[in-house]
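Two complexes come next, and they have one chain in common, chain A, joined by chain B in the first and chain C in the second.
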Partner chain A sequence: MTADDVDDVGTYPDYIVINKPVNQRPLRGDVVRYVGAPIAAVAATDRYAAEDAVEALAATLEIDELSPVMTVEQATSDEAPLLYPEWGDNKVVDLVGDRPEVRAALDAAPHRFTETYVVQRQTPLPMETRGVVAEYRDGRLSVWVSHQSPHIARTTYAMLLGLREADVRVVCPRVGGGFGGKTHVYSEEIVVAHLAMKLGRPVRWIEDRAEHLVASVHARDQRHVVDVGYDDEGHIHAMRCHVICDVGSGEVFMAGTCPSLVSGGVMTGSYDFPNLEVSTTCVVTNKTPAGAYRGFGAPEGVFVMERVIERVARLVGKDPNDVRAPMILQQSQMPYTMPGGGRIDSGSHQQTFERVIELGTEALQRVQARFEDDPKVRVGVGYTNYVEPCVPTYFATTGHWAGYDAATIRIEPDGGATVAVGVAEIGQGMVVTTRMLAADALGMNLDDVAVVMGDTDRAPYGLGAWGSRGAVVMAGSVVKAAEVVLDKARVIAAHKLEAAAADVVLEDGAFTVRGSPGGTAVTWAEVATAGVIRTIELPKGLEGGLDAAATYEPYALEHFPDESGRIHAAATWSNAAHAAVVAVDLRSGHISIEEYFVVHDCGTIIHPNVVEGQIVGGVAQGIAGAMYENLPYDPETGQPQFASFMEYLVPTMSEIPPVQTEHFESPAPEMPLGIKGVGEAGTIGPPAAITNAVCFALADYHLDITETPVTPMTIRAAIRGSKDRT
Partner chain B sequence: MKPAVFDYVRPSSVQDAVSALASDPDAKVIAGGQSLVPLMNFRLASPTLLVDISRLDELDFIEVRDDKLCIGAGVRQREAERSVVAARSCALVAAALRWVGHPQIRNRGTVCGSLAHGDPSSELPAVAVATDAEFIVRNRTGERVIAARDFYLAPFWTALEEGDLLTEVRLPVDTPGIQSSVREYARRSGDFAIAGVAIRGTSGDGTPRASVGAFGVASAPVRMTATERLIESGDYSQSALDDAIATDVPSPTSDGQADGTYRLELLGELVILALADCGGRR
Partner chain C sequence: MTSDTTAENRRVPIRLRVNGSTESAAVPPRLLLSDFLREGLGLTGTHVGCEHGVCGACTVLIDGTAARSCLTLAVQADEADITTIEGLAEPDGTLSTVQQAFADHFSLQCGFCTAGFLMSIAGELEQGMTEPEIRELLSGNLCRCTGYQSIVEAAVELAGTREA
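Up next is the complex of A and B:
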């Protein structure tokens, strides 16, 4: 099956109005823009035969090679070949910041510097690659898919395949990780479903790892050009920042342009920093499309901000934390509106900052003692502060979906509950978190609650797992639905207890009359049996049934920017401070992370182990970005220079240190139960904290890191350069 | 796991094995499969016949004969790593094997398989080159011996020819006073080395002597003769060592992980560490 065979399949919509359209087709025909773009599909009775056929097919392809555009410089040069000639340039997004007061503050600052910071290309890399099974039977399409957003997938499949949504069922069983990469609705899913419909039999496709590295989204790949004004005291007066993101070919749904807007929007994070002007340009190149990856632009922005702070501290001869301290957000400043319009609702920014310095200072002494006998090892500590935007609008990312989610609760006749939610489980503990919260809200035991998610036939429409939002929107809808069923349950119990409903309380799984301890009790099972089966026991006039549906959408969330481009795009904000203590071996340039601390605040904690796992896993991916992973391309041929894990260096257990966490709890004032998000937090800090620590350790060599990943070769080159200078 | 179609035979003798190899110019020997199978799954290698020698009893030996440690082609890396015979007769073998992949890989991979594969980043070929090992090669017409220094021609290209089976490697045993060390550096635990060195040396009271092999730094394992001469001189500075290493490795590998300059600097640091392990001075 080639492009011609999918003529009857729709084109992906280009919903985002500020983006130029890419008109993505399920299979590419005339122009193939990157290695990994799907151009043909082969169905066979087993994978070996399909692979043989693909090999044979590849040998027959007639391809005229065009000049590739592989870098931001190439993409923006006047002579650049255009990926989409109808655009007139290679910029899919180009937003120019215009804040005259920032420029005036820059001009008035006693000192200035400019710098370019670079954050490399990575890929989200779930342990489980993508996979699709599709079957078309009795006029219904069923798709089992490893995806983060089953309902969004269903809507997209129905739209492109010309089916009614009710005739499409999407099931996302236990998904082995997503990290953002599986929020996108990929061509392969459409092609496999289309094949299943054409062939009239089930079709399966499992992505292998080599395919995954080129065919699933990449991410990051940003450079930030900054102009910073400061004074001799280390006060940073103003900053202009041009975020330039290489989003690859752009042929991905939803588009990969939003993370670079987040970078500029959250970079000042935990700091009171009003004078920021951000411009954002996303260029297209002949690389795999960039998309969502845990952190979603925040790690890049925070890396740049923290490196700027460290540069200013060095230029004025101050401890970097003395530069940070006057800027750190105070409790009294809440809510604090950032220059990009994000309104930080609450947080413990100063407490986490001060506590992590205590931990880092003690650890630095321990590690210095550990290496005092080795003159070839240098030790350093590095810090970072940041906020994590939680429960964001999806409109900025998709141009279509916004912030809605939903839950249904059905009390079963035996007194248990079936709780179905629109959020999804991708390995981050959402099922257990939902069960805990629902059991709590319903006054039941954990074992009495069954949770349903990831099946569009059984769960209400919801937006799935992304954006550090699941716990909040799940809680919001579950708590509302629980109140409805509880109200009715109290009426039934009151009838049995011969009391007024207002006097009935639910304690330890039983309904009793308030103020009569040891008195008559009615169990959930009795109430439920009456409500659903023995409706003869209901009070007169009360209809049977004990279920409810509820939705939740944060009311203050903004979906459109104002005239100056400011937008309150996330409903609540977690905050954290990280400290990394590293030992750098001057012989090899090897960086050993000896100790790592995260002092974190995600509001009310529901499940401590889930929160811990999210943070530690996030730190591991942050370390990957700081030190290991990269996706370079040959600038001449456009060929990826990574084919496997031999080149794409994913850190393993041996490379990730133990991570120590501590928590503050600043409840979110506007969110249900005070809950915030934690899904992306750990990923945001490590690039900044680790590079800061390495530069501390190598202060003698005047190393000023402006680019990740920081590798042993970077460090040896710095040492060599320093020798050459002296 | 999706190789192209291939046939598979498991001969019952070395004679049958070499006959099978002679029957198909695109035949490949498989023992542990730790390098070959991934290549086949990527379809970077598509042999039409696999000749499995992993269960040939006649190739399953680790023994000392004529002052040589002899390891048959059936011996798994983990067996050699834990072998008392190998440890007592050629300490460099176990020192190198500790660095090869992960234990799971060493449980399957064979010593001779790694030697015959000829990956310039792998440890055992450098050990063979450093110790002047001998490779015993059989084919349908007979048996011949190839010296290690003549064996490695280019990346993944050795003196083995069509129909050849490496049946055994023989490594000269340690003499009294010998110290051995393997040092390497990789980004991640268990990865192929960016640079590595295998040294077998004597210090004691007499003239220091060392045999030095390097891996990961060039298109084939390197016998570092200039560095050996420098060590024997007993009087060397950092700049003299840098010069010797540059002489030994005139065209260092440069790739996405490390450029040639970094590789040679790293190699120098590893030589110093390995010499210290062998009781030499820094």
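Up next is the complex of A and C:
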């Protein structure tokens, strides 16, 4: 099947109005823009035969090579070939910041520097690659897919394949990790479903790792050009920042442009820093499309902000934490509106910062003592503060979906409950979290609650797993639906207890009359049986049935920027401070993370193990970005220089140190139960904290790292460079 | 579309024990053991994360030793005794000590890597191993979710408390 065979399949919509349209087709025909773009599909009875056929087909392909555009410089040069000639340039997004007061503050600042910071390309890399099975039978399309957003996938499949949405079922069973990469609705899903419809038999496609590395989204790949004004005291007066993101070919749904807007929006994070002007440009190149990845722009922005702070500290001869301290947000400043419009609702920014300094200081001494006798090892500590935007609008990312989610609760005749929610499980613990919260809200035992998610036939329309939002929107909708069924259950119980409903309380799975301990009790099972089956037992006029549907959308969330481009795009904000203590071997350049601390605040904690797992796992991915993973391309040919885990270095147990966490709990004032998000937090801090620590360790060499990943090569080059200078 | 029908249609008879039961099959010489287990025997608990020997998700025990089923051909397993994740728990579903330790320590999130870790531990972990030794031992298994900490905790407990 090639591009011609999918003529009757729709083109992906370009919903985001600030983006130039890419008109993505499920299979690419005349112009192929990156290695990994799907151009043909082969169906066979087994994978080995299919791969033979692909090889044979590849040998017959006729390709005229065009000259590739592989870097930001190439993409923006005047002679650049254009990926989309109709655009007139290679910029898919170009937003120019205009804050005259920031420029005036810069001009007035006693000192200034400009610098370019670079964050490399990574990929989310779930251990389970993507996979799709589709079957078309009796006029219905069923798709089993490893995906983070089952309903969004369903809407997209129906739209492109010309089916009624009710005739499409999407099931996402036990997704083996996502980290953002599986929020996108990919071409392969459409092609497999289309093949299944054409062939009239089930079709399966399992992505292999080599395919995954070029065909699933990449991320990050940003450079920030900053202009910073400061004084001798180390006060940073103002900063202009131009975020330039290489989004690859751009042919992915939803587009990968939003993270770069988040970078500028959250970079000042935990700091009171009003004078920031951000411009954002996303360029297209002949690389795999960039998309969502855990952190979603925040790690890049925070890396730049923290490196700027460290540079200023060095220039004025201060401890970097003394530059941070006067800027750190105080509780009295809550809610605090950041320059980009994000309104931080609450947090413990100062407390987490102060606590992490205690931990880092003690650890530094321990590690210094450990390496005392080795003059060739240098030890350093690095810090970072940041906020994590939680429960964001999806409109900025998709141009179509917003911030909604939903739950239905059905009380079964035996007194158990089926709780179905629109969020999704991708390994982050959403099923256990939902069961725990629903059991609590319904006054039931954990074992009495069955949780349903990830099946569009059984769960209400919801937006799935992304944006550190699941716990909040799940809780918001589950609590509301639970109240409805509980109200009715109390009326039924009151009738049985011959009491007023207002006097009925639910404790330990039984309804009793308030203030009569040891008195008559009615169980959930009795209430449920009456409510659903033995409706003859109901009070006159009360209809049978014990179920409810509820939706939740944070009311203060903004979906559109105002005239000045400011937007309050996330409903609540977690915060954290990290400290990394590293030992750097001057001989080899080897960096070892000796100790790592996270002092974190995600509001009310529902399930401590789930929170711990999210933070520690997030830190591991942050370390991967700080020190290991990279996706380089040959600038001449456009060939990816990675095809396996031999080139894409995913850190193992030997590289990831133990991570010590501590928590503060600042409940979110406007969120259900005070819950905030935690899914992305851990990933945001390590690039900044580790880079800061390495530069501390190598202070004698005047190392000022501006680029990740920080590798032994970085260290050795810096040491050589400093020798050359002296 | 096939280029060399003779080679592709060739089948080699193999006989092996998998989780205690004897299996016979005629397999193409190029069939990977991981594919034979998953597709041929329907034992999909063995996961495939890279097929080039790095991630460890496909680890099974071959004659008691942890090995990568993606780097092994099914024909090489002729006469071998294979244990997969499906063979780890008791027949009545009671978890093995290794599995129970993972459950107790929250050592999995998405669970995709878990079978590989469990088989590596079941095959290679020795009593009294220190944490650095364990980290070395299990550095051939990738996990993208947990940051490894909870896995190390489970393994350390096993190295200290598991009966030899």
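In the analysis below, the second predicted complex is superposed on the first by the 726 of 726 C-alpha atoms of A that agree within 3 Å, B and C clash if a C-alpha of one lies under 4 Å from a C-alpha of the other, contacts with A are read in each partner's own complex, and residues count from 1 in each chain.
The rule is short, and it goes like this: contacts are C-beta pairs under 8 Å (C-beta built on N, C-alpha and C of every residue); 3 or more make two chains touch, one makes a residue touch a chain.
Given the structure is predicted, the values throughout are model-derived calculations rather than measurements.
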Inset, instruction - Using the touch definition from the top, say if A:G613 reaches chain B (first), chain C (second), both or neither. - result: second
Legend entry - Which of chain B and chain C A:R720 touches, first, second, both or neither: first
Inset, instruction - Quick one: name whichever of chain B and chain C touches more residues of chain A. - result: C
Legend entry - Partner chain in contact with A:M646 - chain B first, chain C second, else both or neither: both
Inset, instruction - State whether A:S654 touches chain B only (first), chain C only (second), both chains, or neither. - result: both
Inset, instruction - For A:D52, decide between first (touching chain B), second (touching chain C), both and neither. - result: both
Inset, instruction - Once the structures are superposed on A, label A:Y628 by its partner contacts, choosing first (chain B), second (chain C), both or neither. - result: first
Inset, instruction - Determine, under the contact definition given at the top, whether A:E128 touches first (chain B), second (chain C), both, or neither. - result: second
Inset, instruction - Kindly list the residues of chain A that each of chain B and chain C touches, one partner per complex. - result: 47-48, 52, 208, 644, 646, 652, 654
Inset, instruction - Sort out for me which residues of chain A touch chain C in the complex. - result: 42, 46-49, 52-53, 56-57, 125-129, 174-177, 179, 208-209, 426-429, 609-610, 612-613, 616-621, 644-646, 650, 652-654, 656, 658-659, 682
Inset, instruction - Sort out for me which residues of chain C touch chain A in the complex. - result: 1-3, 8, 28, 30-31, 35, 39, 47, 49-52, 54-55, 57, 106, 108-113, 134-136, 138-152
Legend entry - Residue numbers on chain B that touch chain A, as the complex places them: 2-5, 42-43, 185, 187-192, 256-259, 261-262, 265-266, 269, 273
Legend entry - Residues of chain A touching chain B in the complex: 47-48, 51-52, 55, 208, 210, 587-590, 628, 630, 632, 641-644, 646-647, 649, 651-652, 654-655, 711-713, 716-717, 720
